[in-house]
Amino acid sequence: MGSIQLKDVRKAFGAVSIINGIDLNIENGEFAVFVGPSGCGKSTLLRLIAGLEDVTSGQVLIDAKDMTNVGPAQRGLAMVFQSYALYPHMSVRGNIAFALKMAGQSASMIDQKVRKAAATLNLTDYLDRKPRQLSGGQRQRVAIGRAIVREPKAFLFDEPLSNLDAALRVQMRVEIGELHEALKTTMVYVTHDQVEAMTMADKIVVLDRGSVAQIGSPLELYNRPNGLFVAGFIGSPTMNLIKGAPAAKRGAETIGIRPEHADISTSAGEWPAKVRLAEHLGSDTFVHAEADGMGQLTLRLEGEAPLTPGQSIFVTPREAHLHRFDKDGRRMN
Amino acid sequence: MATQQTATAGRALVSPSVILLFIWMIVPLAMTLYFSTLRYSLLDPDNTGFVGLQNYTSFLTDPDFIAALINTLVLVISVLVISVGGGLLVALLMDQPVFGLNVLRLMVIAPFFVMPTVSALVWKNLLMNPDSGLFAWIARSLGFEPIVWFTNWPMLSVIIVVSWEWLPFASLILLTALQSLDEEQKEAASLDGAGAISYFGYIVLPHIARAITVVILIETIFLLSVFAEIYVTTSGGPGVATTNIPFLVYKQALLNFDVGSASAGGIVAVILANIVAIFLMRIIGKNLEG
Amino acid sequence: MAIKKSMRQRVGVTILAWVVAFLIFFPILWTFITSFKSELDAIAMPPKFLFFNWTLENYVEVQQRSNYLKFAFNSVVLSIGANLLGLLIAVPAAWSMAFAPGKYTKDLLMWMLSTKMMPAVGVLVPIYLLFKTLHLLDSLLGIGIVLMLINLPLLIWMLYTYFKEIPNDILEAARMDGASLLNEIVYVLTPMAVPGIASTMLLAIILSWNEAFWTLNLTTSNAAPLTAFIASYSAPEGFFWAKLSAASTLAIAPILILGWFSQKQLVRGLTFGAVK
């Protein structure tokens, strides 16, 4: 069991309000990701759930029980920190066993659980090493191991992959995903990287300046962003947002079209443009173009496209994939 | 950063030390202040009474006090000049590429660890004794009459002993500060064509200015309360030639049993120390912001 | 400066540096040498530097005549005991200031520092009278409490600067792992801070060992540590230089060795972190 519910949670440090009233339900077994630019309050929100910070007002419920005024030790949650926060003076074994020791479990029980966790995470050969003798990825695994042995109601991850290099990040992303599949335990995961959010989440919570911008599944957010902020944040390369005549023609203040949702022709089309740069990735080609009177457009073509800088092209958005926003930046229709 | 629980725990855990230090400093200080307004002699403990500022006027107008105040200032300032000036020279020397720096550092810092009673007696007897001390032998070998240090030059003798105790402290701290000057800055300066003097004036001195200030302030605090060295060598004499304020207060309290007057002297010492402390605290406080 | 000094220059500075260091260290060396002389050799003119009859009799006599071991025992008990006690109070306080700072933490730290700057004579009279009333004069307990209190601000300050270097994350991880506050301090913070705590203790022990205001004024014989033991040589035993030297060597040797180990921390501790 491990459902988490936030009711009108607010957090202020002195006069500075960080979280401005958030309501949120995370179901048991769900993989929820908090995503947003730095300073949006996502880490603070996680720390409020963990109990490492007190809410200024509002309630935190875990399994429908009010935990607002309960200390972090009693909430039954486990956390993986960005810095891993391993105990440097303890061996890997000691790190993983610490929580069990604190819970007063028997030595044989602890040993058994530590072995099992170590086997799951490929750490068996490293049990007697100190954290400083481990690589970044191994430290990350120890941090996860420390969390899983406790069999918590939910795992909290605070940007756990941001200290790893790109290749390792992809690998750990997969491992965490598999872990969720195997354990079926609730996970709450904070990241600023929308790719991580899109690939891992059942439910994404996009935060903007201390408020929820949108909650939904990855594809919901991709297909139907509810406003300019989410539209610009989810998806890579980011959505082209266009104001002026093309928008007015469609009855909107701003229209948005994802790079992959426009067609390019060298002979005819709606928006004439000039290629400034073409990035050839092999599988895709990213085209950066200057459209007349509209500014920069980024476009994505499958495969190799024989485009060169300075070339004249025509861009035509696919109407079905066009997003329309009103003057307050909200989605229309 | 913390939750209510940790904040509460924090207050609970810090309070024993606060309470103890409060009892240790504030309460006795208040008592000293109170005693200083009383006629109170341990020789005649029943005859006490409120006398207002009389203890202060008698203490402050006592020629012994004026002498003690001057002695205190002479001692503090002379030792500061010798130990900081000498310490800076020693530190600059050790900062050069010398062989065996680690051993050198051990030798230089050693006097700081010698307890004050030992340093004072060793200097007084083994080195400065006019008959068979080492200095007397050196003087005679060079054809001079040996100096009768603690009789003819009592204050100078005390200053020499105390300077020897504090020179290592200044050297060590200034050396640490010098060594934190980064190599690249030195190279940049030499590429800019800075000569030794301008290099010292524009690069080294500003870099260690703070360390020098800290050394001066900390030494001042300790030097204002020099006691053991005087206690075991001259007992404040001859006459009052080496009586400083701490020693005068000690004499009033534990030798003359005049609690009122000693308390007034104690308060004067506190005021003097506080003038220095305010400057030191400002520097350290600034450091806390970082 | 950056241009490599020639070897000749380097040898020159080295010789100069060794001469200076030797002169500074000489009084200690001289005391050490004198402690192995007979009393006659000790006052011989011209002085005998190395060629005399080396003897251990002074050490034997110092112990026999003035019971050196009793004073040494007092010094050890006082400097270690007082600071262990101080540590018990200072570790929680430093934890609190480093990891659960409140609005007034900085002011509190500065206030503690200020108590260290109060001259002892300012409170000599009431403390002396208080001790007399409570029969704490010349007792290990009494002088121990005083030594503990005069070092407490230093202990808290040094520990505070060491604790500040420990990432808060790790303590939070312990909290998430279900550690109570006591467990957090005992199993996580303290072992991580061992080097810092050790050097703090070392400096505090050195300072207590050499403290010579309160130990001279509040003890006479039973609780008197080595500072008072040496002071008793000011007269008339002061004329027995070899014995004075032996006693002095015994009094400073242990702390000199400890001190050499703790030079680095010394700078930091004595300047309250203002110079590192």
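Going in written order, the chains are labelled A, B and C, and every chain counts its residues from 1.
Here, a residue touches a chain if its C-beta (ideal position, glycine included) is under 8 Å from a C-beta of that chain, and two chains touch if they have at least 3 such contacts.
Model, not experiment: these values are computed from the prediction.
When every chain is represented by the mean of its C-alpha atoms, the one lying closest to the mean of all protein C-alpha atoms is C. The chain with its Cα centre farthest from the Cα centre of subunit B is A. Distance between chain centres (mean CA atoms), subunit A to subunit B: 60 Å. Taking each chain's centre as the average of its CA atoms, subunit B and subunit C sit 16 Å apart. Note on chain placement: the centre of subunit A and the centre of subunit C lie 54 Å apart, centres being C-alpha means. None of the residues of subunit C touches two or more other chains. Within subunit B, the positions touching two or more other chains are listed as 1.
Annotation for subunit A: residues 52, 71-72 touch two or more other chains. For subunit C in complex with subunit B, the touching residues are 1-3, 5, 10-11, 13-14, 16-18, 20-22, 24-25, 27-28, 30-31, 34, 43-47, 89-90, 92-93, 95-97, 99-102, 106, 108-115, 117-130, 149, 152-153, 156, 168, 181, 206, 209-210, 212-213, 216-217, 226-228, 230-231, 233-234, 238-239, 241, 244-245, 248, 251-252, 255-256, 258-260, 263, 266-267, 270-276. Chain contact summary for the complex, subunit A toward subunit C: residues 50, 52, 71-74, 77-79, 81-83, 85-89, 98-99, 102-103, 146, 150. Put simply, subunit B touches subunit C in their complex at residues 1-2, 6-7, 9-11, 13-14, 16-18, 20-21, 24-25, 27-29, 31-32, 35, 90, 93-94, 96-100, 104-119, 121-127, 131-132, 134, 137, 141, 164, 167-169, 172-173, 176-177, 180, 183, 186-187, 189-191, 199, 210-211, 214-215, 218, 221, 224-225, 227-228, 231-233, 245-246, 249-250, 253-254, 259, 262-263, 265-267, 269-270, 272-274, 276-277, 280-281, 283-285, 287-288.
By the touch criterion given at the top, residues 167, 169-170, 172-180, 183, 187-188, 191-192, 194 of subunit C touch subunit A in their complex. Of all residues in subunit B, those touching subunit A in their complex are 1, 3-5.
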